[in-house]
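Structures follow.
Both of the next two complexes hold chain A, though its partner changes from chain B to chain C.
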Partner chain A sequence: MTTLLTSARHEVLCILRAGVALLLLAVFLCMVSLSSVIGWITNTTVTRVYEKVLTDGLTTAPNPFTAVSPLYYARNSVIYVVLIGALLAIVLGVQSTLRDRKSTTSDLVLSRPVNTISRLAGTLVGLGVVIAAVLLLSTVISWGSISIIVGAPLGPDPSLRLAVFAALSWALMMIFALLGMLTGLHSRKETTALLVPFVVWSAVTFVLPQIGANARPVALLNPVPALITTGTNSFDLVGAITGPFAITEQFKRAAGIALQDESLTGSPTASIVLLGAFLMAMTWIVLATSRRQLRSGLNE
Partner chain B sequence: MSDTWTVAGKELLDLRRDRLFAILIAFLAVATLISVAVASADFRNQQGAYNLYVANLVKSGTSIAPAAPQLFPLKLLRGGIEYLEILGALFAIVLGYETIAKEKHRGTLALVLSRPLGRFSFAGGKMLGLSIAWLGVVSALTVVSLLAVVTIGQAPIRGSDVARLLVSSGFAWLYLVFWTALTVGLTALSTRLSTGLILALIIWLAFVLIIPQIGDTMDPDNQVPGGLFATLRIKKPDELAVLAQFSAFDGIRNGLEVSSVTKHFERLTFAFLGIKDQYNQQPLGLVWVAMLPYSITLTAATFASVVFAALATTRRTLQRTHS
Partner chain C sequence: MGLTLNVPAGEVFGLLGHNGAGKTTTVNLLTTLLEPSSGDATINGHSVTADAAGVRRSIGYLPENVQFYDDLTLLENLRFFARLSGLRRPDARIRDVLSFLDFEGHDNQKIGMFSKGMRQRVGIAQAVLHEPAVLFLDEPTSGLDPEGVRTLRETIVRLNREFGMTVFMNTHLLSEVTKTCTSIGILNHGALVHHDSLANTLAAFPAEDSLEDIYFRLDVTSPS
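Here is the complex of A and B:
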């Protein structure tokens, strides 16, 4: 237990001392804070566009934003978690395991009566605490900014939904942090350790959705899902195989439903179960790393 | 000049032996093939749905059928271009980082710098070698794209299509050299090598993903699935007339988008390949005239990036870099 807590505390300290990691954290928090403001400015402009169209007699259709949920303003945060949050988690994960191998302190640490699982679990707990703290801060910022925009404090239901979104974001970011830890443990070069999880992330985020759902690679950047022409045997079949591995899409679906995105229907249960399964599997793989691997040096 | 060529030649030799480089390029080629396969499968689905619809119309006795979906071969390359925008830039960053990092890690940097090299020979040679490597990669990807369109997409290719593809490949080369040169400069300036890589990745994140994402979010027609104006059943001329009254907002949105070099590359290639409907099947000369500002800015950005790499990669900055 002491090993676990000491490792966790050490990890938190190292992250706080790493300038680049803090820069990424700042970018993430900044973008989440801006997300609501960008949403509000756009919503205001689009409402003015609708009013103009209505005044000119060009439409009789109802305003599509009349009954919009206050959580509409947080929808961009989903994209920022997938883009910035996941990359931040990868960098933190890689550095957490690569640090000791680079400075060869693993030999010193493991010369003590230290259990490998406790050591790695401690590092993981440290990462989890930092990521949770960042997400707590970003949720408080989102809650505050949305409350200001709608002119009243958010009620229990939207507040709970924001908390669920934060929990889902934590699960996704931890999966990528674990991936980073894994490549940090097994790569022989620092470049490979950073690059492999980046390539996996880009394949999972951009390539898999295209294969399985005919979504364009940059569709992720669009706040509104594209009207995709699936419903055919070929895409449905491939989608059924690749869908469970497209965890960023699973996250987007679960988070979108939690944030009351009207374009998403159905239950988020399957997506949440998949995220949980990936998290557990990755944790097990990382914790099963051998003592010898922890002590392996870099080939550069 | 011979020093520069020697460094360039060594860089090319290293890249030829680099498994990581081969894996990255293979990944990009596979992603391009997948995107063409998905786009052509989608077109065949549309065609199947159209045939079914027409058959039903005939059965019900109606003779007026809507226009059949038309296949424009180069439009099948949209996904491939988007992969180059995102993944190509990412791999270009890795290549730029590696070119400096490997010399440091292997201990060859001190050896190279002990020779009487000219001020710009090392940086110039590195950039020359990497530019030649990217030229080879872009040429290979162009051939793969063409073959994919003809075989997987089963689309006929004309001479003008090849010309459009070659022009787009030229811009792809400029775009990739831009990211590589930027990373070479950043890595040379960073006291820790990994800091240079992570800084380049943050810039990539901001300019390739975040800024275009904000631009997309602020697009009034991008607020509901299918488009706001289509949902409100508003015709194109009316849409333009309404939007003209919100030009300040649109100016800010467009300003954000054009601050990203990725958007310049995207607008250029989408125009030349006819992916953007406005330029589809238009004469090449007309597209050149319309896209001249973007071609100038992309070229200028790449030139500036190469100059930055050359100025940043000095004997002093390289020797203070820690691994």
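Here is the complex of A and C:
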């Protein structure tokens, strides 16, 4: 337990002192804040046009924003988590395990009464705490911004939905953080350790949905999932195989339902179960790393 | 190749040998960083194969070219290693050790700013924080200037005399061995070709002027 807590605390401290990681955190928080600002600008612009049109007697229809869920303004955050959040998590994950191999501090650590699983679990907990703190901060920013936009504090239901979205985002980011940890542990070079998870991320985010749903690459930058039924046998078949592995699309689906995206119907259970399964599998793989691998040096 | 060696408690033992003789591998095996393919070793009553955790609780280790977390301060680095060694509230102990090493006033400086000599003192500090019975030093004088070498030598001798710490030191600096060690072993291509107290070793070769002459008399040569 001491090793786990010490490693977790150490990881948080190292992340807070690393310039690159802090920069990425700042970018992520800026983007989440921007998401609400964009929503607010859209709302203001559309409402202003609507009021002008209403004054001119050109419409009797209600303001299109009146019926919209307040969570509409947070919807762009889904894609920021997939694009920036996942990359941030990869960088943090790679740094967490590469740090000891790069500076050969692993020998100082492993010459102490330290259990390998506790050490790695502690690092993972530290990463989890940092990512949770970032998401908590971004959720508070979103909650505050949306409350300002709609002119009243968000009620319990949308607040809970925002919290569910944050939890799903945490799960997705942790999967990519674990991927980063894994390549940080096994790569022989620092560049490979960073490059491999980026390639995997781009394959999962762009290639798998494309070959499984004939989705256009640009469509994949939308917060709405591209895993649609095409009616084409070949795509349906490939989609059934690749769909479960397209975890960013699974995340988009679950997050979209949590944020009351009216284009999504059905239950998010399958997507949530898949995210959970990936999280557990990746955790198990990382924790199974041997002592020898922990102290292996880099070929640089 | 096998190695049979007994270092009594309270000794300052110097393991000598050419580059590639197996000194670092020996230390890595004794500190449990490597697992032996066969055989065993006992450190302070704990077997490296059957009770590696017990060995790790008994030892302090300073690797060659020791590195730390450069973005963290001296205090943060030492707290981390102290806690990993099981010290729950390590600050008082850290201050005692830094005072013993005459290395005060750097607590909140980042280690990335430290010179090689300063890092080596931090290396000693992290190795003795938990008051280990046995201290392993791998080429501790490597890369140090003459002043750093002298300071380190005095520290090793004080740790041994004042706290009764057994020191196991790898080196190929024969002059340092003469000034620091009470017993020596000489490794040649993985085999122990000599093992005795320093006094006995010098007495056994009266015709030789120095340990260096004895070393070459024993035909210890680097692989060509």
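Keep this in mind: the second predicted complex is superposed on the first by the 269 of 300 C-alpha atoms of A that agree within 3 Å, B and C clash if a C-alpha of one lies under 4 Å from a C-alpha of the other, contacts with A are read in each partner's own complex, and residues count from 1 in each chain.
Operating definition for what follows: a contact is a pair of C-beta atoms (placed from the backbone, for glycine too) under 8 Å apart; a residue touches a chain by one contact, two chains touch by 3 or more.
Computed from a predicted structure; not experimentally measured.
Asker: Let me test your reading of the model: by the given contact rule, A:Ala281 touches which partner, first (chain B), second (chain C), both or neither?
Answerer: neither
Asker: Which partner reaches more residues of chain A, chain B or chain C?
Answerer: B
Asker: Let me test your reading of the model: by the given contact rule, A:Ile241 touches which partner, first (chain B), second (chain C), both or neither?
Answerer: A:Ile241: touches no partner chain.
Asker: Go through the superposed model and pick first if A:Leu22 touches only chain B, second if only chain C, both, or neither.
Answerer: In the superposed model, A:Leu22 contacts neither chain B nor chain C.
Asker: Of the partners chain B and chain C, which touch A:Thr59 in the superposed model: first, second, both, neither?
Answerer: first
Asker: Between chain B and chain C, which residues of chain A are contacted by each of them?
Answerer: none
Asker: Please name which positions on chain B make contact with chain A in the complex.
Answerer: Checking each residue of chain B against chain A gives 20, 24, 27, 31, 34-35, 38, 41-42, 45-46, 48-49, 78-79, 82-83, 85-87, 90, 94, 97-98, 101, 105-106, 193-195, 197-199, 201-202, 205-206, 209-210, 212-214, 216-218, 220, 222-226, 228, 231-234, 238, 242-243, 245-246, 249, 323.
Asker: Which of the residues in chain C come into contact with chain A in the complex?
Answerer: By the definition above, chain C touches chain A via 31-33, 53, 56-57, 59, 61, 63, 65-72, 76, 80-81, 83-86, 88, 126, 136.
Asker: Provide the residue numbers of chain A that touch chain C in the complex, in ascending order.
Answerer: It comes out as residues 2-3, 6-7, 10, 13-14, 17-18, 99, 103-105, 107-114, 295.
Asker: Residue numbers of chain A touching chain B in their complex, please.
Answerer: Where chain A meets chain B, its residues are 19-20, 23-24, 27, 31, 38-39, 41-43, 45-46, 48-50, 52-53, 56, 58-59, 61, 64-65, 76, 79-80, 83-84, 87, 91, 189-192, 194-195, 198-199, 202-203, 206-207, 210-211, 214, 216-218, 221-227, 229, 232, 234-235, 263, 300.
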